[in-house]
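Down below are the structures I want you to see.
You will see two complexes here that share subunit A, one where it goes with subunit B and one where it goes with subunit C.
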Partner chain A sequence: MKTIDARGLSCPEPVLLVKRAVLEDEFPFTVLIDDETPRQNIIRYASNNGHEIQLTEQHGEYEIVFTK
Partner chain B sequence: MIGYESDDDACVYVVSKDIAIIQTVDFFPPVVDDPYDFGRIAAANAISDVYAMGAEPKTALNLLCISNCLDMGVVRKILEGGADKCMEAGVVVAGGHSIEDEEPKFGLSVMGLCHPDKIRRNNTPRIGDVLVLTKPIGTGALSTGAKADLLNKETLSLMVETMAKLNRNAFEASISLDVSASTDVTGFGLLGHAKEMAGGKASVTLEIDSRRVPLLPHALDMARDGILPAGAYRNRSFVGNHVVFEEDVSLAMTDLMFDPQTSGGLLLAMREQDVEPYLSALHERGDVAWIIGRVLPAEGTAIKVI
Partner chain C sequence: MDKKDKIAIILTGAALGFAGVFLMLNGNPANMGFCIACFLRDIAGALKLHSASAVQYARPEIIGLILGAFTISLATREFRARGGSSPLTRFFLGFMVMIGALIFLGCPLRMVLRMAAGDLNAWIGLVGFVLGTYIGALFLRKGFSLGRTHKLNAFEGAILPALQIPLFVMLAIASPLLAFSESGPGSMHASIWLALGLSFAIGILAQRSRICQSGGIRDLFIIRDPHLLWGNVAIFGVALLYNLLTNNIQVGFYHQPIAHSQWIWNIAGMVVVGLGSVLLGGCPMRQLVLTGMGNVDSAITVLGFLAGAAFSHNFNLASAADIYQEGTNLVTGGGTTANGRIAILTALLVMLAIGFVYTKRQIKPTVKQ
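Let's look at the complex of A and B:
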């Protein structure tokens, strides 16, 4: 599974990397982030555009899996 | 005269029974790439606090933070933008102060005058009044999009001009009206500032009709794609529990209502019968405003969004 490491990137770059992966139909893929704003941005992108995600948190870092 | 508890937009000092001085200061790092535009926006933003208090801005002092390596041409452009905007507002730039700082910042301290009885507070809305907003929202979301070059030229230019626009017409067209509460919409977003307007005692509920809230073009597209600044989420966490949303208000729309604005419009509470004359007076000045809600008796929440 493809992994996008968006840790340390400033917004809106993480959500744009996700959008690119979606547009290129790279499902399933995982995105790694380490901040609250990209987490919210990505959740919104997924929820407003009908994508299913699984989010897990560990030590302030988040792993979001886009299944479809 | 106006204390810290009310989160008002400026300091007020009553000099005599006829004159009060309004003093305000605001400065921030660049919000756009073009230095001249940045100067205009910073000045329009700083002056806006004086209009929000119901006063006429008179003089200003520049505040400038620059790094040694910044080209002097850029610095000159920032100051020119600020000076031109002040001139447009009839404000005399009397000087200022600059210091060295790694990240550039610019803004102004602005002084205005007002009759003490005419000072407008931000937290005294009268039940039955109509809420009017004088600029569309979405500058935070669009600025975030601009950082990633997602905006076309027209949208970018409209965003810049919206932020650089003075609230002068918005204020002057309302001078003769009985405005019960006034503020300008900036960093706390529309709902953050509406929450301040509703006040801490929750004696009123501000009802905001989301379908009537004006949005900058493409701001909703940005919100739907999660292109939002951190401040939008911060504002939601600060005031979200004072807001009740009707179910059919979309998440993207609620996000934009929390979106931090740079140099946003005035939010005014005025009598219903004054709204049409106000809009006509604005129209004569080539300007517009939007009715976005009303002040209701308390319904157990500071703000209700329908």
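Let's look at the complex of A and C:
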């Protein structure tokens, strides 16, 4: 599974990387982020576009898996 | 959660729209109840970084906004010192955004407040702001990035928020170390406790909702997400309503408070503000909030704003309000300066160059198979 490391990137770069992966149909893929703002942005993007995700948190970092 | 987020962003915008008119009615300058660029420029004057005697005052609205965001991010454990994402480039982007704002005479927040008071020059400025944001969004789509931030010692992130306290103390005791305007916009202000309290509350709301004025338009272009735009709509709606109720609407291009009617330069100024804000990852207000959250890159951007404001006045780049022949709409003075017009075009070219440089050097995300 592909992993996109979006940790430490400015807004809105993480969600743009996710969008690129979605457009290139790279499902399933994982996104790593380390901030609350991209977490909200990515969850909202997934919800607005009907994607299924799984979110896990570890030590203030998040791993979001896009399954489809 | 989405509904809660939406309420938060609308509430923050509403609070900003309310504060923008309320603080004006309580002493702040006309259509300048709350303005990030103007107030940072006033702080630069209070610290004697420039000597424009009409715009020197340590605005507690800036202090409160940073401290509100700082306090809530400590409470919610979101305070994280981080930085190292092209700091000097960010400094100069902040510097140029401030030049743009002072050409137009306002940041995105004052632009919306002016729009809500019927100032059509601000609606012209909006065209520039949207255009600048669109150009920034094009760079982002092509992979523009100023690079990753890294974790830093918490002390580093707390420096600028902590410095707000001695600044406020010096303001509260009217320290002779600070300059205080005796006339002009800098002499007009609401009570310091009222301004501090209101902006502190807004700092908390802004941190929670992540309101961003350039982000509102940018996200429409890049991910068709109107979420952040609701903040701008709420600022405008509440300020418009409050202005209607207090009879503070005057529709037109001429005789607008602290504004000029040179439309081409109003557009150019706001193109630079919009583009710079997108390249920086957020509007001037968002940079203050991120500073409160420990983002050292944003703190450096804020220092860039202060330096840009000082240079704007020291080198005669900032515009002045239109001056009219008495009883007519004939403009006889004020507006932009030759230095300002050269500076804004230079700033636009430099920003485009930064856009191209950092798009070519984009970071590839780590991708493991």
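Convention: the second predicted complex is superposed on the first by the 68 of 68 C-alpha atoms of A that agree within 3 Å, B and C clash if a C-alpha of one lies under 4 Å from a C-alpha of the other, contacts with A are read in each partner's own complex, and residues count from 1 in each chain.
Throughout what follows, contacts are C-beta pairs under 8 Å (C-beta built on N, C-alpha and C of every residue); 3 or more make two chains touch, one makes a residue touch a chain.
Source: prediction; values computed, not measured.
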Fit or clash between subunit C and subunit B when superposed on subunit A: clash
In the superposed arrangement, which partner chain does A:Ile42 touch: subunit B (first), subunit C (second), both, or neither? first
If you stack the two complexes on chain A, which partner ends up touching A:Cys11: first (subunit B), second (subunit C), both, or neither? both
May I ask you to decide whether A:Lys19 touches subunit B, subunit C, both, or neither, giving the answer as first, second, both or neither? both
Just to be sure I read the superposition right, which of the two partners does A:Lys2 touch: subunit B = first, subunit C = second, or both, or neither? second
Identify which of subunit B and subunit C touches the larger number of residues of subunit A. C
Location of subunit C clashes with subunit B - one stretch out of 63-71, 81-89, 99-107 or 153-161: 99-107
Would you please give the residues of subunit A that touch subunit B in one complex and also touch subunit C in the other complex? 11-13, 15-16, 19, 36-37, 40-41, 43-45, 47-48
Along subunit B, where are the residues that touch subunit A in the complex? 144-145, 147-148, 150, 223-230, 233, 251-252, 255
Subunit B contact footprint on subunit A (complex, rising order): 11-13, 15-16, 19, 36-37, 40-49
Complex contacts: residues of subunit C adjacent to subunit A: 1-2, 5, 78, 80, 82, 85, 140-141, 145-146, 148-150, 210, 212, 215, 218-219, 222-225, 227, 280-282, 363, 365-369
Subunit C-facing residues of subunit A, complex: 2-13, 15-17, 19, 35-37, 40-41, 43-45, 47-48, 60
